[in-house]
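Should a chain be cited, it is by its letter among A, B and C, assigned in written order, with residues numbered from 1 in that chain.
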Amino acid sequence: MSLGKLIERLIQLVPVLLGVSLIVFVMMTLTPGDPVQIMIGDQAVTPEQEAAMRRDLGLDRPIVERFFVFLGNAVTGDFGTSFYHRRPVLDVIAERLPATIELSLVALIVALLTSIPLGVLAAIRKNSIFDRIATVGSLLGVSLPGFWFGILLLMLFAVHLHILPVSGRIGYSAEIEPITHLLLIDTLLRGRFDAFLDALSHIILPAITLGLPMTAILMRVTRTSMLEVMRQDYVTFAEAKGLSRRRVIFRHALKNALIPTVSVAAIETGSLLGGNMIVETVFGWPGLGRLVVESIFLRNYPLVQAAVLFYAVTYVLLNFVADILYTVLNPRVKL
Amino acid sequence: MTLAADMPARADSIFRQNLRNFGHNRLAVGSAAVVVLFVLMAIFAPLVAPHDPNETDLFRRLQPPGWADGGEWGYLLGCDALGRDIFSRIIYGTRISIFIGAAVILVATTIGILAGLASGYLRGWVDIVISRLVDILLGFPYLIFAIGLMAMMGPGLVNIILALAYKEWVIPCRVVRGETLVTRELEYVEAARALGASRGHIMMREILPNILSPVIVVATIRMAHVIILEASLSFLGLGVQPPTASWGSMVADGRAFILEAWWVSTFPGLAILLLVLAINVASQGLRDAFDPRFHE
Amino acid sequence: MNAPLLSVKDLRTVFDTRAGRVYAVDGVNVEVRRGECLGVVGESGSGKSVTFSSVMGLVRSPGRIDGGEITFDGRDLRSLSPQAMRAVRGRDIAMTMQDSLTALNPALTVGEQIGEVLEAHDETLPRARGARQRAIRDRSVEMLLLVGIPSAESRLRQYPHEFSGGMRQRIMIAIALACRPKLLIADEPTTALDVTIQAQVLELITDIRAKLGMSVVLITHDLGVVAEHCDRVMVMYAGQVVEEGPTRDVIGNPAHPYTKGLLGSIPRLSLRGQPIRPIEGQVPDLINLPPQCRFYSRCTVRKEVCKSLISMREAAPGHQARCVRVGKDSQ
């Protein structure tokens, strides 16, 4: 794919991003309920204080002007001040982001490493016992409420078996000086293998919980597309060439079957973002998701707005990546 | 294209044939029965539930399930931290899950059908506006969108329904639009157009009845998602407010007691799993029966 | 040397479907002699492709071979292990498929798709990695040149969609011939091509057949192709062979009403490019076959005795047909 086409695609993203920002703005502005009232809650404030809050939030200005101010601020990374932390919203988000990224990446890796082999196996052993178990498993995977599954895992591995920690990202004794802020990498870079294992033991349950629905979906996608591909002429032709079964399945079939899997994976990575809020809450994971949930209850309005926008933009970009990956993997599709 | 010309007359019998196909799928029929059971439980909750779901009894605080040591059979699944009967609360919680699930799907499907028909049949600027809106709404992770809305609107039954329906309608809309684009070109629709039928008549009377199957299938599949989403919101404390029993908030209540009272979280979660799984299996059966593309 | 290269006896291949058992190939006998070109003609569903998929051991579930013998070059193919059968496929018996666009893997380069056949079968390749890669590349280039693809070296790195239809067909032939097979099964090699390209591809196959001394089975709808390129021809109908013999005899003097129907309106000597003209009526349902001549329902000259099972009868030496009107019973 040429650079020119890539830039063209990127430009096409602009209206969608604008639209997303508009919706976030509208959502935060026009929904029933006055943000100032919500922030005040039961506290006693004077009308002057209330007016000052309104002014600080820019709520006294015309709505169209407010949108452009919001947009301009968003582009420059100015999302206002987090009342609770008394620091710029962007700083607070940046501080929490690595934990969320690390958790999402591990969940993604777990999901990819389990779903693809299982999906392939289910497809080449179609209608076998294994296939049936895998099908039931994937149905369970999409039907399990993540928050409940996480609690079950906690009860089993942390409370009963005492082999994994209940919450947090790393034990106190294993804390290290950050480099990339991704603990699994930092602990290795610092040569602290004990700390790495500690971080790993913390991340494993949240990652499984977060990755489970994705695993189920990707397995189903892989199975279906593998079955579809195995019916294609080029697989028959590959067999007619007398190639080994392994080569037919992995080189000829899987390479094509993975095209839909990879684009669904990129899209589903976006839905990990939503799952993060739940999983981080269940496992006390100090990431962005938990921050947002906490902020909602603290009525930390600017932070929630910024985070929702951040999530939405990330989601749009992930969908964009899915598109690009699809093109790169599939030599037939010309941009 | 003689087949297409026959379609309106045959739509009904195809529908029946599909239902018969569905009837042959024992697993799907069984799952549908489970769903019906849950619905009956929701409707007749006061008759089915052994106790008042909100009746607290501090002497029964964290009482184990009936079969365990210290349990009573009258309190089958044990009690929560306020001594309320978990079984009764689960039964009442069914009402919230099913009511919200059904309401969201109903609202979203209605909007989706209207928007999708308009978009796919009228084309032009209507299509452009609706399609753009759909694209933009698809730019949000679902749960985050709902959480954001709930954060702004505050909790409450109507607000949950709104928060979920705001995005949910996009899904039936896309299905309806796609089907309409195909159907509008078929002979019988052109015939109706030639006979001078109004656009409203064509959309509602000629096109809609023939694209209902995929819409129904999608609606049932989505219902399972919506139920999980509602439970997730309730779990985070953004859903129905206490003391109303909802499955998600019951699971959340139990989090504090996973060391000493596993049953508080476990059983409400099991109820969610059971209902969602039953809907998923049944809707898959429905899809297999209704959509020839999935036949193998 | 007089034993046929391929001999299929009483082959039955069935498909178990929900509606019942389909007898796709029902008691078919085939002989392919060394160096000859056998044409196989019939409508879709006549069992001509399934017969040769069976020979290659490529019948997919829910299909399976229900009975019969397949002897190739003195070996009983049906008794071979899947492993041993893979060694036969691509090396001794090769196949090309109807549509090169779907038969070539869209995600792999042409070079890889030729190279892997050599990698799988060629024992003369050097062991050392670098030398092996070079040898495979040289052989691939050689094959592309053989089938008439210029600047082969650079084209090895391209993907199938970057070639024209005719070029892709040539590539598929190059892949099939990479290991110098004794038998090439060409399944409808020209159906997906323009008329002018068709002729080129067929010339190519005929040329290479002469050069390599291999046998060819040409499965086709096109009687013109058969007349021009095949030594013998076999006509299939509803899972059975209904007529077979030297091309000249069968086309010049067809014995079975079905063959006559196929040839019916085609003017002599201008057979080229003529597809099989549909004959009145439909191919019988292969699930509930009555014990009678399969062509009965469509036959214009049927008799009462045709309501019994009909065997092959000799019309002339080496020329047989499954019709009671034909000479004497050959069995």
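The working rule: contacts are C-beta pairs under 8 Å (C-beta built on N, C-alpha and C of every residue); 3 or more make two chains touch, one makes a residue touch a chain.
As the structure is a computational prediction, the values presented were derived from the model and not from experiment.
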Counting only C-beta pairs in contact, which chains form the busiest pair? A-B
Taking CA centroids for every chain, report which one is farthest away from chain B. C
Calculate how many whole Å lie between the centre of chain A and the centre of chain B, each centre taken as the average of the chain's C-alpha atoms. 24
Distance between the centres, which are taken as Cα means, of chain C and chain A, whole angstrom: 53
Going through chain B residue by residue, note those that touch at least 2 other chains and give them in order. none
Residue numbers in chain C touching 2 or more other chains? none
Two-or-more-chain contact residues of chain A, please, as numbers and ranges. none
Would you tell me which residues of chain B are touching chain A in their complex? 132-133, 135-145, 147-154, 224, 228, 231-232, 235-238, 248, 251-252, 254-255, 258-259, 262, 265-266, 268-269, 272-273, 276-277, 280-281, 284
Residues of chain A touching chain C in the complex: 232-234, 236-245, 247, 251-252, 255-256, 259, 329-332
Along chain A, where are the residues that touch chain B in the complex? 15-17, 19-20, 22-24, 27-28, 31-33, 35, 38, 139-140, 142-149, 151-152, 154-155, 159, 270-271, 273-275, 277-278, 281-282, 292-293, 296-297, 304-305, 308, 311-312, 315-316, 319
Using the touch definition from the top, list the residues of chain C that touch chain A in their complex. 56, 58, 60, 82, 86-91, 94-95, 97, 99, 102-108, 116-117, 120-121, 159, 161, 172, 175
